[in-house]
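Following this line, the structures themselves.
Look for subunit A in each of the two complexes below; its partner is subunit B in the first and subunit C in the second.
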Partner chain A sequence: MRGPISFLMLLVLAGGAWAAEIHPPSQATAGVSFSMSSSGTGQGTFYLIGPAHVAKHQVSLGGNIDVDGTEIEHAGRYTAILCTDQCSATTFYVHAAEPDRLSLLVHPSRVPVSNPNAISAVAFVWDAFHNLEFSPQTVKFTVNPSEHSSISQARTSSNGIAWIRLTSAAKGGPAKIEASIGKTSETRVVQQVASDACNLRIKGSSVSHKVLVETDPVRDCSGNFVPDGTVVSFTMTDSTGKTTVDVPIKRGVAKVEIPATGHARITAASGVATGNELDLAGGAE
Partner chain B sequence: MRTHLLQIAGQVALAVFIVMLILAGASGVTADDSLPKVLLNADNLGPRSIEDRTAEVVPRDYAFAWRTMAQALEQNRAELLDGYFAGLAKDNLSHLIADQKQSNVRVRYLDHGHKLEALFYSPAGDAMQLRDHASLGIDVMDGDKVIHSEQVNLQYIVLMTPGADRWLVRDLEIVPETKP
Partner chain C sequence: MIVGEIVNEDTVPAYVNVSATLVGQHQEDLSQEGSFDKISHTLLPKQVSPYRIDFPGMRLSKIKSVRMDARAMLVPASADPVIEVNQQRIETDAVGKKVLRGELVNQSGQVVNISHVIAAYYDANGKVIWVSDGYVDQELEPQIPVAFAVDLPDDVAAKVQSYHVVVNHYDIHPS
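Let's look at the complex of A and B:
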């Protein structure tokens, strides 16, 4: 008789030393409330430690412990601890909710026309709580040039990131680059500007002891006007030697006056483009 | 005479002892000594190739970020995050520290090192995503009492962006461990 009684007493004593346990779900979703069951009786202290949140509550053991959605808005690993005389802990992961937001990085903000793979667009896919969406998602990239129909391509995200390289259009002007997923979209504008000058043409005349030279309107190889400020270098060779003058383009053309003695030969260059040669009779030697 | 020699020998020994103490102390306060070990593998990185200098500074700055994060969480000092955190990562950790202050519950990290695997480097070089295999000891403390302690290997997905003179941690999320 003493044997079973001693065994029961041991069980009761051991039971007092057992820590109450909690059983969270295998996985939870950011922002979605849930309950976890607990064992034991009486009162305990419940701790929830997450990536951006720490909570401490008094709870009744043996029932469900409610975790509000606002306590698990951040995806990641959570530690749930239940303490009575002793503490027991368990961990669970909270996953991102449905895709809801995009961040879009587009570079550069200005790009020369007809430049292959010159524009890059990187989209980050987030849920409503700014958790990166790690499951693969289809992101649609759309380019809306100012004077042409739009072009779209889809990319699948990896670890929350989708990206694409784009070639700038042949014609200058703003292009809207949009990334979208479901009803969410983000747009950036890239200014497509003329590329380097192409086929420089110069014309001129000689007046007294100087020559006047100017370019035709300077365009790139696609016919876009090269921006004002782009430098054209005029080089003149006459009987006194060689003279080079750098002139910025103003209102589409570059023009210069250079003192000259006798016969003068003039050339012009901008970037890698060179123009025609001009022979002019300058002033008296 | 003998007493005088003994006094001189004693003074020399004392001076040597003091110099050794100073040297030992000086070597013990260098900043790098307490940095966690961080190894970077950028073999499979794309679409942009990593520059030599970037391959040096990313693991260095990530180590500084972890050291300051551990200090910030242990000391409840959100201002320590300013140096190496930005954006969501800084917001989340600041929020965690605010909750720690309110609840008197703290998280303490014992950092055993990180193996970084670079996953994505944007074409323009303005963002890098990495996977961190971190080996950590984590203590959860209520006041001064440790209520939970564990040794874990955790997998983080990290987003870093370049700042003026360093790379900053912009997002830091723990994900379930995936087997290769």
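Let's look at the complex of A and C:
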């Protein structure tokens, strides 16, 4: 007997009260107020449950239920629940609003000159409520070198991200990299520094029992001065053995005095760059 | 033991540290060690330092691969002192052991309290085959040569074609 009685009770409950219904729009925009229609009569309780916000209102059934823009600032899936003596629920999706902000990541902060695809710039597109803008947007990347005219390229964002790879300029100095969308823009500065030394030349002279060796002004292959503090390694071989000394560049040149006995052969290197060989007559053996 | 060289390719000084993890036959980490003092940690731009990482008690047959980790941090560093390494030569000492000898000359005007010699040895192919080091038990006064000697295993000495000496320094009152 238990089965038929339970079935009957369910029928009574179902027939006694129909749950009021709500009809949200198929999609809403973050921060923009909207209304959803409801069915039924009397008063009900409306719940709105979002990714980062929950709201509860007393509403009149049968009319429009207003949802304020401040209640849907976070994009994502929302659940709207309308309760009288029973509840009905429905879901809708809130999309990001218009692009309003950019986050720009540029790497590295220092880069050698004339280095292909060495700079990576990645822009994240956000709306005013910090929702990632998933719809494709055109982001303009602009490079402003210190002494040349700017260069721009546009990229379409995918899943909120637009990126570009850039080649560093031949001349050292700061380069401003800007990403812009509409009226908003972000700028980062990359320092373009001299690359490896190029055509490292040394010259020297014998003074008493010493040889004085110095480099010509050390530049990279694009003509930029290699920064002071960069090490130039001098190696001298004479009759007493080998002498090495790591000398930092000061005011564009590296120079050193090395004691020498007899004939001395001197070479220099900086990183992977090697210089010319120098043969000098040192002091008496 | 792992030996090699590290170069600061940046345009600013760096504090570097090299460590390695030995990976076993079943991809398990066997041991992790750092180069400790067998490296010149502060490198000026384009400066090269040898390093050696010791794994005491580890057998080569247990190791499948090695994971290297080189970390660098920007630091302020002085270009001084400049220390010259003169009269470098490999000799046999009084007890028949091979040693690398030479003289250090402090070319700057300041006293170097502690100097540390690190030498990398290369075979005929230019590959680093050994790194040895030693502290000099005497301060370096300007322009006064101070002798140093670092040991070289006999089996390595036979294969050495060239070597590179760097001098690390520690000062009580760093500039």
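Note that the second predicted complex is superposed on the first by the 269 of 285 C-alpha atoms of A that agree within 3 Å, B and C clash if a C-alpha of one lies under 4 Å from a C-alpha of the other, contacts with A are read in each partner's own complex, and residues count from 1 in each chain.
In this text, contacts are C-beta pairs under 8 Å (C-beta built on N, C-alpha and C of every residue); 3 or more make two chains touch, one makes a residue touch a chain.
Treat the numbers as computed from the prediction; the structure is a model and nothing was measured.
Engineer: Should the superposition on subunit A be reported as showing a clash between subunit B and subunit C, or a fit?
Structural biologist: Once subunit A is superposed (C-alpha atoms), there is room for both subunit B and subunit C without a clash.
Engineer: Taking the superposition on A as described, I'd like to know which of subunit B and subunit C A:Gly252 touches: first, second, both or neither.
Structural biologist: So A:Gly252 meets neither subunit B nor subunit C here.
Engineer: Would you check which partner chain A:Arg165 touches, where first means subunit B only, second means subunit C only, and both and neither mean what they say?
Structural biologist: first
Engineer: Between subunit B and subunit C, whom does A:Thr243 touch in the aligned arrangement: first, second, both, or neither?
Structural biologist: A:Thr243: touches subunit C, not subunit B.
Engineer: Quick check for you: in the superposed arrangement, does A:Pro25 touch first (subunit B), second (subunit C), both or neither?
Structural biologist: After superposition on chain A, A:Pro25 lies in contact with neither partner.
Engineer: Looking at A:Cys87, would you say it contacts subunit B, subunit C, both, or neither? Reply first, second, both or neither.
Structural biologist: The answer is first: A:Cys87 touches subunit B but not subunit C.
Engineer: Pick one for A:Ala75: touches subunit B only (first), subunit C only (second), both, or neither.
Structural biologist: Only subunit B is touched by A:Ala75; subunit C is not.
Engineer: In the overlay of the two complexes, what angle sits at the CA centre of subunit A between those of subunit B and subunit C, given in steps of 10 degrees?
Structural biologist: 90
Engineer: If you take every C-alpha pair with one atom in subunit B and one in subunit C, what is the shortest distance in Å after superposing?
Structural biologist: It comes out at 11 Å between the closest C-alpha atoms.
Engineer: Just to be sure I follow: which residues of subunit A are touched by subunit B in one complex and then by subunit C in the other one?
Structural biologist: Subunit A residues touching both partners: none found.
Engineer: Name, in rising order, each residue of subunit A that touches subunit B in their complex.
Structural biologist: 45, 47, 49-56, 74-77, 79, 81, 83, 87, 89, 93, 105, 107-108, 120, 122, 124, 130-132, 134, 158-161, 163, 165
Engineer: Show which residues of subunit A lie in contact with subunit C when the two form their complex.
Structural biologist: It comes out as residues 110, 112, 193-194, 196-197, 226-233, 240-248, 250, 256-259, 270-271.
Engineer: In the complex formed with subunit A, which residues of subunit B make contact?
Structural biologist: Its residues touching subunit A are 47, 88, 91-93, 95-96, 99-100, 103-105, 107, 119-120, 122-124, 126-127, 129, 138, 140, 142, 147-148, 150, 154, 157, 159, 171-176.
Engineer: Can you name the residues of subunit C that touch subunit A in the complex?
Structural biologist: Contact set of subunit C toward subunit A: 7, 9-13, 44-48, 77, 79, 82-89, 102, 105, 107, 164-166.
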